[in-house]
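Quick one: the structure is below, and I'll ask about it shortly.
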Amino acid sequence: MSDHMTQPAVGAMADPAARLALTSGFEATPGATKPDAILRVDNIVRQFGGMTAVDVQHLEVQRGLITALIGPNGAGKTTFFNLITGFDKPTTAGKGAHWEFDGRTIDKTSASSVARSGMVRTFQLTKALSAMTVIDNMMLGAQDQAGENLFKSMFRGTWGKQEKENEAKADELLARFKLLEKKHDYAGSLSGGQRKLLEMARALMSDPKMIMLDEPMAGVNPALTQSLLGHIQNLRDEGMTVLFVEHDMHVVRHISDWVAVMAEGRLVAEGSADTVMSDPAVIDAYLGAHHDTDLGDDALLTDEALEELAEEVAAEDAVRQAEEEAEGPK
Amino acid sequence: MDTIQFILNGMMREALSPQTAAVAIAVIGLNIHFGFTGLLNMGQSGFMLLGAYGFAISIWHGLPMIVGVLFGFGAAFIFALVLGAPTLKLRGDYLAIVTISAAEIIRYVGRSALLVDFTGSAQGIPGSQYRTPFANLSFFGSGQFTLIPFNYTDVADGAAWVRIIGWLVAIAVIVLIVLRFRSGGAFRGIAQAAGMVGLLVFGLLLLFFLFPVPQQSTGVNGWWVRFVAWILVAVSTLVVYLLVRSPWGRLLRGIREDEDAVRSLGKNVFSIKMQALIIGGLFGALGGIVYVLPASVQPDSMGRSLTFFCYTALLLGGAATIFGPVLGSVLFFAARIGIKYTAAAYVPDSIMNNQQTEQFSYIVVGVALMLIVIFRPQGILGNKRELRFNV
Amino acid sequence: MKSRHVVRERSVARGVAGLILALLLAPVLAMISSGAANAVDTLCLPSPDKGCIAGTIRTEDGPLADVKLTITDEAGTATEVTTSDTGKWNFQADTEGTYVVKVDESSLPKDLDVATGTVTVVTKFGVTKPGLLTIRTANYSDSTSKADELVQSTVNGLRLGLLLALASVGLSLIYGTTGLSNFAHAEQVTLGGILGYFLINQHGLGLWFGGLVVVLLCAFTGWFQDRVLWQPLRRRGLGLTQMMIVTIGLSLALQYVYQYTVGARTVRVVQDNPSVRSIGPVTITNQSIVAMVISVIVLAAVGYALLRTRIGRATRAVSDNPALASASGIDTDRVIRLVWIVAMGLAGLSGLLYALVTNGIKWDSGLQILLLLFAAVTLGGLGTAFGALVGAIVIGLVVELSPVLGMPGDFKYATALLILILLLLVRPQGLLGKPQRIG
């Protein structure tokens, strides 16, 4: 692979000063108005039985930045993701729930249309299609394929050329994510981290405006975590908007330009990583979820304490994931 | 020796029979549903019955044959649409329950005394009412012939050694063909493809040489209907091959594994599943039409058991493979007859009477289905790594 | 790790081999045990070169014995047949074609009206065609009131519903605890009836004692199945769809084992005709009343066990969330084993009562009601035992009441299935199911 292929193009947001300009000059309150929001969410509520999983009054996501959505376990982050990407329906549908992406209202749009409009997501439990090869996974990500039309599909002439172009693009992305030598392997043979990378690469096949990553670092070994973080920053530097869910504040600190915090379904804080982490509401949120964790006054803010928390949360998550998996077909 | 020849002749006759071809076409359709898309269609016999009814009723009431075929396809198309619209958004087992129930409803309605003028109620529609236009198309003439006039009796008076060598060669050829298919690149490159076609033709000629089956040329159940039926099997196989190697086929396989993942990539999963349901259902209808050509339209012969036989044939040959449905159907029917004849020939009547050999063969079918699914879910031709049952 | 896997494979293989041996041997064993099975009746059995015509001559008061019928074929040859003690007659047709069946009115008791005295039947090889002749007492009134009819059908519907409930509660428990849609469940229902035929009719066991033995044997098959088949397959991690297809294979094999042993005819558990009693507008056999009482008691006992006993609560916990139940110390394998035993016992009881109430059982009787069972379970909500109970009663009532309410009689099963499909459209989780995210 030649160099220019592996080196991503550089956009305006590669410049830290430009990013700073977009994250300052307004008050960092929950639901703050952003200079140029790509995603605006209003009044979204989701209840399961009697329990409110998500109740977000207003949230804006700034275009071109990496925004982290953090919160303790059970804060409703993934449910929120599912709602805005069309994989779940809000309880308040039709009662003031409204959200728009890039100026287009998408609150009644199906999951697939949301993806086609340029907002592509990944999943917490990786959905790499393990009985398909890596390249087939990638090719599924390409948009507007003539060969996906039932009638044209029988005639190779109508889609052969496009297929070649898509494959070239896939090769390029695979090379960038260091997966090219696995091109013809079944995705099931990849490691957990490689699957996360594949899922991200596959999402990029559609040239999204915004990519939404659900816990991209969960279950990935530390060495690969660094590379994943690097990839996420590269995406931003190329001009893409990134929104990702994470419960580990420590991880978030290094790469996110903006952090939104959820607790018990609500948005409790917004701001830069450092300000958010000293916000009493955030500390309360994390402490509230872990009454049994006595961290002392300032202990919470040390990295060790955060790591301890994260480990606890991860352990709980693992139990929850195991349960979810054991529940069988959804 | 003669008993064995008799049993093998019977198996050959059954393997070639138009009803085997008909089921093969229906299984090709089921393969699109279950094998490639992971749709648990438990009502393929309903699609077959609708195709048969559409065809037979139209011709019985004086419409031209082509209209009958279109009515058959139209009925299956609407059936797929009606079943798919509410269930394809739900969990997989709902489709199974709804399709099996709907197929039964079709059968109950078909055998209702109220519709005797249309469906002939439980008695069904005799083949003589709708067969004529099809038989008239025949260019095979009348009379009777054996497919290749030169057979084993012409070599050394049909001595045992001729046949035994012939059988061994035939087995070797079949094993070779299966192995070539399993290795995947059976048709990759011109030389490979030519070799493969040569091998297939040689195998067929050898089988005709070893097991001469005389049939009427046109007749009720003659060479003409066999010829058309197997041509249709070949065309159906080709169509499915073209479909599944395309990006559309890739979508099906993606949906089979995880439809949420495919949805997250901006694909309209519902629409693709519906297309798959319809296409597979149309093959089912075509199978149904061919199924009743040499027989009559009998609602009770196209019930759940037929669907289950389709599944057995599909899993035997290998779900999600191109040639699996054809191989599976041929083996399924030939093996069943083989078991029946063998039991009849070698098990004394006091232990198993004639009727019981039939039932015994079905017991073996049931047990075989269990064994295949447990020990070799990918069937004969399938790829274990690719085939997962994730419905 | 690898060697453990191998051991597992081997144990699956051994289990499956055992089951297959049992399946293949079953016909032979049954043949030996039944001995005189084929000599008992002189029914016409259709075969590939024989057709049959059969019917029963009866008034609304009961069957008529020694009635003479004349059957004339296309060539004009007349044959005379006489009805048996139970009013039954049959005729063996050696050619396919039109036969005219005429009742000899002089052989009838006095004071009877012949509503239909002649009927034309077209025979076919391999099938028994009915010859329906209608004879009535002179004081017969055709106009049973609509209300009476409604009451009668409601009682019949309740009866069918209770029998379905016995079988579908088990089907639902199996689905709840293992996620498996057991297509072979209906064959367990048939098994109950067929075992009843062998033990009570053939071997002369008393009805109550024989019935108990039948239920225990069926429960044992539940233990046996789970031991040699389902538990090894679960351990092996076989997918649910794969397991479901295994149940289809088992169902096919069992159906033909039954056909192999008793043939395609209907067999009865008791030989004598049940006595009938009238309660208000309802006519019902004593057997039906007893069957309904037994069903209610057994269902109540199952319900009590599920709600009140430790093992019942454990079962519901496993249904709700197997992983959590397992984590909280419940032995899920034991619970599932018990569920199989109970479910198969209940299905056997259902089949036995079904055979008693409907006057016989056939190799495919279970197959006939399989979809009604699935409909009941789905209607109530997949995997909820009490939902299955409600669903079964609803299905039973729909089947019996739909002809009264204007559906053509041969659409009654179709109506039940149609209602199922329609309900799934508006309420996919079933009547009592918890709403959950689907799709």
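Read from first to last, the chains carry the letters A, B and C; within each, the first residue is number 1.
Rule of thumb we're sticking to: a contact is a pair of C-beta atoms (placed from the backbone, for glycine too) under 8 Å apart; a residue touches a chain by one contact, two chains touch by 3 or more.
What you see is a predicted model; the values in this text were computed from it and never measured.
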item: Centre-most chain, if every chain is reduced to its averaged C-alpha atoms; value: B
item: Chain of greatest Cα-centre distance to chain A; value: C
item: Computed distance of Cα centres, chain C from chain B, in Å; value: 31
item: Averaged-CA centre spacing for the pair chain B and chain A, given as whole angstrom; value: 47
item: Mean-CA-position distance for chain C and chain A (Å); value: 54
item: Multi-chain contact residues (two or more partners), chain C; value: 240, 438
item: Contacts with two or more other chains, residues of chain B listed in rising order; value: 91-93, 388, 391
item: Residues of chain A engaged with two or more neighbouring chains; value: 329-330
item: Residue ranges of chain C in contact with chain B within the complex; value: 12-13, 16, 20, 23-24, 27-28, 31, 47, 122, 124, 181, 233, 238-242, 244-246, 248-257, 259-260, 263, 367, 371, 374-375, 378, 382, 408, 410-411, 413-414, 417-418, 420-421, 424-425, 428, 438-439
item: Chain B residues within the chain A interface of the complex; value: 91-93, 239, 242-243, 246-251, 253-254, 257-258, 260-269, 272, 275, 279, 385-388, 391
item: Chain B-facing residues of chain A, complex; value: 85, 87, 110-113, 115-116, 120-123, 127-132, 136, 139-141, 143, 145-150, 153-156, 159, 163, 186, 188, 202-203, 205-206, 329-330
item: Interfacial residue positions of chain B with respect to chain C in the complex; value: 40, 86-87, 89-94, 96-98, 100-102, 104-105, 108-109, 111-114, 123, 304-305, 308, 311-312, 315, 351, 355-356, 359-360, 362-363, 365-371, 373-375, 377, 388-391
